[in-house]
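In what follows, subunit A forms one complex with subunit B and a second complex with subunit C.
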Partner chain A sequence: METVTPGRSLDRLQRWMLGASFVLLAACGVGLLWTPTQFFRSWLVAWLFWLAITLGSAAAVMLHHLADGAWGRAARPVFESAMLTLPLVAFLFVPLLFGLERLYPWIRDPVQEKAPYLNVPFFLVRTAVYFAVWFALVRLLDRRHLLVSAPGLVLYGLTITFASIDWVMSLEPHWTSTIIGLHFIAGQGLSSFAAALVALAFLARARLLPIEVNASHFRALGNLLLMFVLLWAYLSYSQLLIIWSGNLPEEISWYLRRAGPSWRWVALALVGLHFAIPFFVLLSRRVKEQAGWLAVVAAVLLLARAVDIFWLVVPAFQPDRPVIHGLDVLALLGMGALWIALFLRHLKGRLAYARS
Partner chain B sequence: MGSGPPVIEPSYTVATVTDKISSVVLTRRTPVGWIIGFSVALLLTMTFLTAVLTLFAAGIGIWGVNVPVAWGFAIINFVWWIGIGHAGTLISAILLLMQQKWRQSINRFAEAMTLFAVLCAAVFPLLHLGRPKFFYWLFPYPSLHGVPPQFRSPLVWDVFAVATYFTVSLLFWYVGLLPDLATFRDCAKRKLAKIVYGVLAMGWRGSAIHWHRYDTAYLLLAGLATPLVVSVHTVVSFDFATSILPGWHTTLFPPYFVAGAIYSGFAMVLVLAIPLRAAYGLEGLITPRHLDNMAKIMLATGLIVDYGYVMEAFFAWYSGNEAERFMMINRMIGPYAPAFWATIACNGLAILALWFPRVRRNVPALFGIALLVLVGMWLERFFIVLTSLHRDFLPSSWGMYYPTIWDWATFAGTIGLFFTLLFLFIRFLPLISMFEVRALVEPKT
Partner chain C sequence: MNFPPIYGLLAEFDTSASLLKAARQARAEGYRTMDAFSPMPVEGLSEALGFRHTRLPWIVLAGGLFGAAGGFFLQWYLSVIGYPLNVGGRPYNSWPAFIVVSFELAILAAAFAAVLSMLACNGLPQPYHPLFNVPRFESASRDRFFLCIEAADPSFDPDKTRRFLESLKPHEIFEVPH
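Then we have the complex of A and B:
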């Protein structure tokens, strides 16, 4: 611990990430000129992925304040640094404003009976409200006004529910499923805990953590990860069973696009990557107590989160073409590199602060 | 819920904990309050038996159910009772796995509450069968009459879910009682009590190897019981959600029902705990901290239930479906609207008072809110069941449901049955786990 100052090694990583993000995002820019429609689709998927980690981390800070627990004291600097990337995430939303018409079919041909809700001005107002609420929450949490936690979680639940309706459900304006909000909350919780575990394992390995993080911390975090895996699977299965059983045309068509012949393998991959494999591995106490192994499981889960968001969004555009576009990868990595660079900047400050 | 005031009053020692709890059963005279309460409960149980006998003799026609409302009080009461049971399982299993020590003075009677609530719940589907003597047809046994159960129907899953739930809850409760039964055997003065508690204690001697096996068994049972907290009410919600009826067919139902179950269950625990601790002077063991924690869980799960109301209303409109929208309007201004608005008043408004620590510390207020929650959750099931059934897609087949005197008698009767069992439990078994609370005693220097 005495040989490495937190600044140095993280500085280097931060510079690398910043450099990489310029290259990758420049390539995305070319993509925007080349094939704008594809650009906006890829951007939406990538943006939802990084938004989930940011907001999920804010929720984790509030959850820790309410429920307490040793897991939080170890992971707190990581969650706080992740939540502070919100301004960047908000900035990265701006390009989508220019692609709304390409993304949302209800703009071109409005759905008569939903028009009071699904129209561009109201959509923009709602988006502004979501961000206003999230900015206020993150700011209050950053200033240690932790009393905001309980009402904050209520506000978070409501805003993310309507945001998921606006940004994802309305891609197919005739489909409805009342569970979507909780499904997104579970996904965001999983994203943020998986990301925090990867970061914590890295920091512990590089001996950069100011406090001792031991096996019991990792086990507690691993158990929470397992809980989110189960929650996600429970909500997904409930939705599938109820819609399958009802078999109503406007509902089942959503699954026919996603689990029909062309997307079936993606759906099955999700069952394995997002539930079965992590579930059985995380049952083991040995895995949960070893930071390295836990980080591998968390990384697999982050991949699964990306696949899940891709599977939720993309079949709306191409129901019979389950293919990844180069821009999907570029946007996800480019945005990610920039996100990680900012995350590291905040993290360095927190580590130094906690050390002194 | 981690640090904070001590879980039990610091003045207790290992010996006084045992004395305090065991005296309720072994030494103290039966209080007058117990005799009065037990008599009233027994009277209601007799009402229940009368109602059931009449039902067996005359048939389902004595209830208010008919087409289009073929599911009336029976399903409402079933869902209400089985939901109440969930708090006991959550306290005993999930809080144990999460190492929440405060559970240890409330888990015993909460588990008893679970058992009795599940019994009361199980009565209703059986009575509603029409020919209850053939209830065993629901089990997939190799029968000769060639009518296997319909495995696609969640009603069959209900049989498995509830039967598993009852079995595991009973085992869990009984295993948890063993060390305390042995204490009773050793402390009892009367011959008969010694024999009965001795047989029930199954030879428990409290040796190191006993405790070692016991801890393993108890943890395993907790692991088995944990998924049951979620699975039972999920299957109950499938009874509704796998149909295509507006108001029932909605994907949010499983988590919404589970939250509602835990919510009403904690309300019942509070309704039982508050008078019990006052009557037997147990305020030092069931402390304000317990009440505060339970109130917080009730608030959190209640807010999830409210989230469900908001989603149901929003999506009924957002679906753009005429039948869905009508269902919601009918709920709000139709003939059963009072039930809907009363539910909102109880579950939506009354519980908001729990945001304030002052209210959570005010015992009478907490008791009142918990009662309102129980009423609210019953009314919620009432409007969910009725508004969707009584006016569906075809206006020519609309109708009304009015509960008859027999519906009410059966419902009141199960409340009597529940309290009869509970009074017997308080009189003959330790209502707080003695050996677990002894572990909470602060070591004296």
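Then we have the complex of A and C:
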């Protein structure tokens, strides 16, 4: 029998991804010189997308340590490799520090009653705290200090709540929603499980997995994916219902921008791609037991995640123009290629380790 | 009516693992009309017995969709046609507010569909069953595991089946009278 080293084909993919990321990120660099404002907007959206997979994976590792389950034993190498990309994600945040003034209106135009919270020094301190907490969690989990899982999930919930307020909600500083933190947690869970399913289906197809991953593992992961789809829909709808019922000017205007005539189609696409279609497809046991089909659903959900983040962020800058800029695509793909290259590097080590 | 003289042969096992093994072997031996009884769910047992997936999920889905559509219609009819009220200037057909009740009714109707069609499909409640003629069978709900091969099975033969069951080393074998 031919022995397959996990390295060979992944090596090639890793090199391709690394090469592609250099080209794409160089193009982003040109974009930064050409149209800096657009660059920072695109960078923020792309960065939030990849951050979600990394942090969601760390949460999935903690969740599995607490609750156990066959799904996690199959998917753990993938989740752990994804979580270890945190240093890259932190590094990719650095460019945003130079664009804060272009992104956040409260810097030029301070909101009186919120100024004690929304000011640049405190913003930077908070950001440093988030990353410190996340680095500590990932470090401890990587060293198998599993006791950190329970307090770690609490810290994760708190830091994500504040981070989503800082990075996304404050783009429109007059708007408030108490659900946005949970909405981000659901989104990050969904992102990480969808990404893990795409990776697992690919690895299973290429016969690169050290342990057998069978239909029941995929069904369990598919059920968890369905759970996150429902959670995301539930939280999104709760926010809509509360704001729509209250109908307060500073709150409803957020939805008027996002579901008004110009962005309506994006909002409806989200209802379909992020909820209705995956929900009905994932009800089927047959789909959940076939890695290939499940990977297709997961890929659609990843696309929906990108659209969701785009829809949350971009209307703040261009309420009347629901258009994608070339830099949006370049940043998302360039960052992604670099992220995947690092992810594969960690994954190869984990697969070889699990094999021996 | 031409009943076989007995309902079937019942073998008693001490552990869920030996029951699972026995069910797998009986299936490999060609027995199909059989059932297993245990005080708690045994992972893999229904596959070993050859259970097929039923239509129940589709009935539950239909129930859920009916509940959602019915719940929505109820509110839409009331608010738009039956008793239109101006609430804070919102349109009569204020669908975001209708979702909650539609969702609850979807769950309610799906649950009713699940329970009622489960009962309709498996024939419960059943006040009499031949297995209750075996006094030991009571312990199926406490600490014993049973496999029953029914006489209705085409490959059932009183002597051969008994010898097969004995080869599985059960605790005891019972004849189940009608």
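As a working rule, the second predicted complex is superposed on the first by the 353 of 356 C-alpha atoms of A that agree within 3 Å, B and C clash if a C-alpha of one lies under 4 Å from a C-alpha of the other, contacts with A are read in each partner's own complex, and residues count from 1 in each chain.
Note that in this section a contact is a pair of C-beta atoms (placed from the backbone, for glycine too) under 8 Å apart; a residue touches a chain by one contact, two chains touch by 3 or more.
All figures in this text were calculated on a predicted structure; none of them were measured in a lab.
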{"item": "Joint occupancy of subunit A by subunit B and subunit C, clash or fit", "value": "clash"}
{"item": "Touched partner set for A:69, first subunit B, second subunit C, both or neither", "value": "first"}
{"item": "Contacts of A:241 with subunit B and subunit C, given as first, second, both or neither", "value": "both"}
{"item": "First, second, both or neither for A:97, with subunit B first and subunit C second", "value": "neither"}
{"item": "When both partners are placed on the shared chain, which of subunit B and subunit C touches more of subunit A", "value": "B"}
{"item": "Contacts of A:268 with subunit B and subunit C, given as first, second, both or neither", "value": "neither"}
{"item": "Partner chain in contact with A:114 - subunit B first, subunit C second, else both or neither", "value": "first"}
{"item": "Which of subunit B and subunit C A:283 touches, first, second, both or neither", "value": "second"}
{"item": "Footprint overlap on subunit A, where subunit B in one structure and subunit C in the other make contact", "value": "241, 245, 247"}
{"item": "Subunit C residues touching subunit A - in the complex, by the definition given at the top", "value": "53, 57, 61, 88, 90, 96-97, 99-100"}
{"item": "Touching residues (chain side subunit B, partner subunit A) in the complex", "value": "1-3, 152, 230, 234, 238, 241-244, 249-255, 303, 307, 310-312, 315, 318-320, 355"}
{"item": "Residues of subunit A defined as touching subunit C within the complex", "value": "237, 240-241, 244-245, 247, 283, 285"}
{"item": "Complex contacts: residues of subunit A adjacent to subunit B", "value": "67-69, 111, 113-114, 117, 150, 154, 157-158, 161, 165, 174, 176-179, 181-182, 234-235, 238-239, 241-243, 245-248"}
